[in-house]
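Pasting the structures here.
Both complexes shown next keep subunit A, but they swap its partner, so subunit B is in the first and subunit C is in the second.
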Partner chain A sequence: MVLVLALGDLHVPHRAADLPPKFKSMLVPGKIQHIICTGNLCIKEIHDYLKTICPDLHIARGEFDEDARYPETKILTIGQFKLGLCHGHQVIPWGDLDSLAMLQRQLDVDILVTGHTHQFTAYKHEGGVVINPGSATGAYSSINQDVNPSFVLMDIDGLRVVVYVYELIDGEVKVDKIDFKKTSTSNSAP
Partner chain B sequence: MRRLAGVEDEEKWLAEGIAGIQHNAFFMHRALDANNLREVLKYSALMLSELRTSKLSPQKYYDLYMRAFDQLRQLEVFFKDESRHGLPVVDLYELVQHAGNILPRMYLLCTVGSVYMKSKQAPSKDVLKDLVEMCRGVQHPIRGLFLRSYLAQVSRDKLPEIGSEYEGDANTVMDAVEFVLQNFTEMNKLWVRIQHQGPGTVREKQEKERNELRDLVGKNLHVLGQIEGVDLEMYKETVLPRVLEQVVNCKDELAQYYLMECIIQVFPDEYHLQTLETLLAACTQLMPTVDTKIVLTQLMDRLSNYAASSPDVLHEFLQVEAFAKLSNAIGKVIETQIEMPIIGAMTLFVSLLTFTLRVHPDRLDYVDQILGACVVKLSSVPKLEDARAMKQVVALLSAPLEKYNDIVTALTLSNYPRVMDHLDDGTNKVMAMLIIQSIMKNNSCISTADKVEVLFELIKGLIKDLDGTDTEELDEEDFQEEQNSVARLIHMLDNEEPEEMLKIICVVRKHLMTGGTRRLPFTVPPLVFSALRLVRQLDSQGGDITGEEVSATPRKIFQILNQTIEVLSSVPCPELALRLYLQCAEAASDCDLEPAAYEFFTQAFILYEEEIADSKAQVTAIHLIIGTLQRINVFGVENRDTLTHKATGYSARLLKKPDQCRAVYACSHLFWVDDIDGIKDGERALLCLRRALRIANAAQEMANATRGSSGPVTLFVEILNKYIYFYEKGNPHITPSDLQSLIELINTEMQSDDNGNRRTHSDPFFTSTLRYIRFQKQKGGLIGDKYDLIKL
Partner chain C sequence: MAKKGVPEWLNSSLWSSSPSPIPDDRPLRPPPAAATTVPPSPPIFERPAPSPSAISTAPAPIRPPSKSETNDLQNGSGVDGPGSVTPAAEDVSRKTQVVAELSKKVIDLKELRKIASQGLPDDAGIRSLVWKLLLGYLSPDRSLWSSELAKKRSQYKQFKEELLMNPSEVTRKMEKSKGGDSNDPKIEGPGALSRSEITHEDHPLSLGTTSLWNNFFKDTEVLEQIDRDVMRTHPDMHFFSGDSPVAKSNQDALKNVLTIFAKLNPGIRYVQGMNEILAPIFYIFKNDPDKGNAAYAEADAFFCFVELMSGFRDNFCQQLDNSVVGIRYTITRLSMLLKHHDEELWRHLEVTTKINPQFYAFRWITLLLTQEFNFVESLHIWDTLLSDPEGPQETLLRVCCAMLILVRRRLLAGDFTSNLKLLQNYPPTNISHMLYVADKLRSK
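Right, the complex of A and B next:
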């Protein structure tokens, strides 16, 4: 069982002061093995904070990120899964699932984690799964009129991944979960 | 020339004294065993004579005294047993007064007196009175103090307290109190007599000696505090006035300081409350060299703790008007002690404030009053330079923040900003950060423009360069931390009422504009997004309330936003400004404000053309432009054409061919929006794809020419995916054969070079694309039919 935290689009301090206190109290150091961040932190303080939760931190560059050195895309392997990470402002139309599917094929990954729309989605298509953890702070978005703070926790176990989405709605944290199974005859094969 | 006694000398004398005591005690014991009263008295007197020495320091004298004390206990046992010596205690009392020297005489008398009192043959008050007066015969400070201390010790359990066996008609608590008071007074007089005279080393020694002796004097106060029957009334009428009289009249700095402290520690806090005026009056009468402020601080701290101990006691404080009295006393002390350093005054204010926040937390006027007094004192010095005093001022300002978790309360204290004005710039900023941290920690929300105004005045050290500071001096990281804090703060300013919220935004804007080019990149974005949130709120609330003159309209806010983002050109930070313009453009589109949206796009394009030269930055910028434009539906045909034409043009003119290719095919989406009433210009979309294809071909040729091998086929596969996208969406201009020829092209390109590397690089992408096509074929229905037409 490997826990992977996926979150992003915090936009601190441009659009939000901080993570919601209820989220902060849930994100305890030492429980999570990897963090995947879709970008737009935007400042070093947030980077350092995430590092305290888990030292294995992967970040893709968002268009408002202070640190320009984050990569445009990143690929990593966790257990049996290949994960791809990209902020998403590079994929036009923004939020379009078919276009994101194309990126997924291009990166050749089982799970594509992407952001920018501040809207949680977990979508299975022919090529794999696209997950958008939304905005962890519920930051303003020109794309999404009604943003609730959200983040995703993935539990990777063998060929199965359970995606837990945590959403802060009207002051309460609501949890939902989605199961995905990878068939062993998947993409990565000559 | 008198040589000062060295430690070795004292050791020698002490040893001699101890030897003397032991020697005579031996014979005394022999006499005790024989019940020989005469011999007992003779040798005990000889033994006690050792205490007549004046050569020992208090520490060493104490050593000697204790040995004698132990012996006297056994002597007392002997005296008590009349059967052993044959004399009634009355006669014994008479007999011991014949001892030759006064000191041994007095020790013996006290010892017998103890027995006498126990026998109850005379009222203890009479014996006590007799003894306490006769001790006057010993006027040497150290000897006298120890003698009286002995008297206090042996008499302790014989005082006529309430409930004691010695209480009676003739013996009252009052008598006990009288006795102790008198002993105390005499002891203090003796103590004070050890004055600081002579050269430095001598004075130091004497001061040390005095300190060693002070507990002997203080013990009396402890006893007074413990006597059963000393109630508030007696304390108020007799005990305190007499003690204070001695304290004030002795005019000795050391004694006054120590005794005031003692009084405060020993007696109960309720008593202090009820005698507050008397105590405070005494404080003002002390010698000018006494550190009254420490005394006052101790008193206030005790009273603060008392107030915190139980809510019931609070009304006592109100009843005695504690605050007024304390604040007056402090005022007086600060006034009279003009040489008092600032830190002293500040310490007093901090104590008084702590007290006030505990006892009268709801009296903001009291708090403000203290701050006001602080301002007056701070104004009396040209510049505050003492770091410790500065720390106290910070403590003073932090206390209300901690007490009232709601910063808004602190903002109502009119003197708060005035105190802050007196801090030096560095400390001012520290305080400003503390204020912001307090707001963030408590999740406070500041909701009126007035309060925001006050708040930004308070934190002005962070907002702009104060006179005399130079931002260049500041550490880069610290500066960023400061500015990010200010940025975060902006999100804590909120009001549901749009009119008020707009006022808040304007106040914030006014202050931020004074920040200078170094600060703007940090502070402008949160302001912009705060305004955009308001716009969205207004837009969702619906139309204008008929007839009312409202200034909070999206149009008005966009004007403000335009002016605000414009200021970033002075920094300059074109990339940030471009992003903000695009955000505003989309927001304006959502509000159906075509002119505003167009204006924002114009500004963004101008920045792109003129200011963004870095190729990587251009790539990101053009994608943001395309992505935003793709979503906007407010434009009429002409405006839209102008903008899309420009966007496509820029895309084709990016430096690197692959970047050009990608941007151009991204533009295809400008002509096809998947909404119900979105534009669906299949032809122009296809034109973009074809153009992208030409660029990809050119890129391939260039790679051949310059490196001798073809580049990767990735671009082709990407374009293929786009063709598939539009085909599936139903673009009539894209045919199955288009797709087929593209697939063939890719196959060709892949085989045309037998460099193994290239194969593996694009293989997965192409492979998965083909796989997708096959998958769609199997779907059946319309989709299946569509894909069936594609021959693989």
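Right, the complex of A and C next:
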């Protein structure tokens, strides 16, 4: 039972001041084992804040991130799943399923987490699952001005992932759930 | 030295606790020096026969059991020590008594208690069976055993399933029962994954009081504490600690029992020290030569632990510390007991050297003397404690009082520091005669 928080595109301080208070009250330390962040934090203060929630923090570089040392893509293995992380502005067309699927095959991962569109999506295709946690602060994007803050929490338990989607709609936190099971075809284990 | 209130026999040099020069390899109580059916008495005292049988209860010699063997419990009373006359006679006779009592159809608990208060033999799973009877886990009627055991063990299994699952498994189970979801999810073609809304508040970050997840995270603190303590239980014993899979599974069993106890008793949850009380119980049940019983050691240990704790839970509850049932009062009772039996020592300890009995008696009482003696000896002491029909507390206080009286010479000669050191590291002593002294205190 591993809890993995996926979020990104906060754009603090340029486009948003901070995470919504309702989100912040839920994100307490001690519950989450890993954080994967799609990028565009943009400043070190947010990095430190995320570190207080969970020390195991993985970030991919977004185009507005001030810390240039984050990698473009990252691959992690959590439990039985391989997760890939990338901001997504590199994949053109932005948010296109087929192009993201290409990236997923390139990275050879079961779950690909990308952002940049500031829109929550969860797609499944033969290669695996692509998740976009949206923007945790609700910051505007170049394609979309009206963004609901959202993030994703994944509960990885053996071969099964339960994806909890947290969205702030009209001031209320709505939680949805998506179930995903990995067929036990092997990705070659290291 | 005024011998007011201290009987002659107590002051005899026979009772001094300095170790004798005879090295001995016997794991248990030392064999009696001479045992025949006629109770021989050394000049000073006579050991009263507690049960009216003709079996001798010869006085135990002044030989402290050696501490070196802890794991070697299966050496029964048949092992002869070097040079003793009829070494195992007393033990054998005790064993036959116990076995005879146990093989009856309906066991007489009073009789069993009397026998047990003398100590139980260490072999053939006798202790395991007797403790289960004394703690009320098994009823005296043998014919009811299989049904009772089956019931209790399945109840424990149920507890485990309900209380030890983490929330992911719980939600999965709930869904399975609701939606009739087969193991293969509906094969969705490429495209957006279907979302299902969560109607009730249950998601991992929920802060609601009824939330499974929230309660799970709140319990983790308790679980961490239990984990830490279990790791520290008896580090010198292979049964409990080390990296072997046996040790790991035993530790897991201890953790499970303590966790379930904590969850079922939100009033006291888990307090440090409960692991020490559970350890001997689990050890005895797990080492039961009967494989069927040993397999269910965890379940049996849970219920016996609950039974034992029911008498002692007030010691662990912080709010009750200062009340009439709390630990402070119990310590005061010990103090009064000492004053009653040995006023001079009491005065020296409390008034002259100002040793607050809490400094030493707290651990003695709350942990039922498991930390003061080595494992084998504490099992022997527990035989006597558990055999008390009024509950272990009374006997415990008498044993503590006996412990104090036995080192009185050193205590009277010592000051605060040396006395405190002595009492917090109680010297190795002959358990049998310590229990005998405690028993004598009862008659007063």
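As a working rule, the second predicted complex is superposed on the first by the 184 of 190 C-alpha atoms of A that agree within 3 Å, B and C clash if a C-alpha of one lies under 4 Å from a C-alpha of the other, contacts with A are read in each partner's own complex, and residues count from 1 in each chain.
The rule is simple: a residue touches a chain if its C-beta (ideal position, glycine included) is under 8 Å from a C-beta of that chain, and two chains touch if they have at least 3 such contacts.
As the structure is a computational prediction, the values presented were derived from the model and not from experiment.
Student: Which partner chains sit in contact with A:S25 here, subunit B, subunit C, both or neither? Use first/second/both/neither.
Tutor: Touch status of A:S25: second partner only.
Student: Does the superposition put A:V175 against subunit B (first), subunit C (second), both, or neither?
Tutor: A:V175 sits against subunit C, while subunit B stays out of touch.
Student: Is A:M1 touching the first partner subunit B, the second partner subunit C, both, or neither of them?
Tutor: second
Student: Identify the partner contact of A:E126: answer first if only subunit B is touched, second if only subunit C is, both if each is, neither if none is.
Tutor: So A:E126 meets both subunit B and subunit C here.
Student: With the two complexes superposed on chain A, say which partner A:Y49 touches: subunit B (first), subunit C (second), both, or neither.
Tutor: Once the two structures are laid over each other on A, A:Y49 reaches no partner at all.
Student: After lining up the shared chain so the two structures overlap, which partner does A:Y166 touch, if you call subunit B first and subunit C second: first, second, both or neither?
Tutor: second
Student: Residue by residue on subunit A, keep only those touching subunit B in one complex and subunit C in the other, then list them.
Tutor: 126
Student: For a test of understanding, state which residues of subunit C touch subunit A in their complex under the given definition.
Tutor: 166-169, 171-172, 185, 188, 190-198, 203-207, 217, 220
Student: Please name which positions on subunit A make contact with subunit C in the complex.
Tutor: These residues of subunit A touch subunit C: 1, 3, 25-28, 30-31, 97, 121-126, 129, 153, 155, 157, 160, 162, 164-166, 174-181.
Student: Looking at the complex, which residues from subunit B come into contact with subunit A?
Tutor: My answer: residues 440, 443, 480-481, 484, 487-492, 522, 525-526, 529, 532-533, 536, 540, 579, 583, 586-587, 590, 620, 623-624, 626-628, 630-631, 666, 669, 673-674, 714, 717-718, 721-722, 725, 728, 760, 763-765, 768-769, 771-772, 775-776.
Student: What part of subunit A is in contact with subunit B in the complex they form?
Tutor: Against subunit B, subunit A makes touches at 11-18, 21, 43-45, 63-64, 89-90, 92-94, 96, 98-99, 101-102, 105-106, 108, 126-127, 139-140, 142-143, 145, 187-188, 190.
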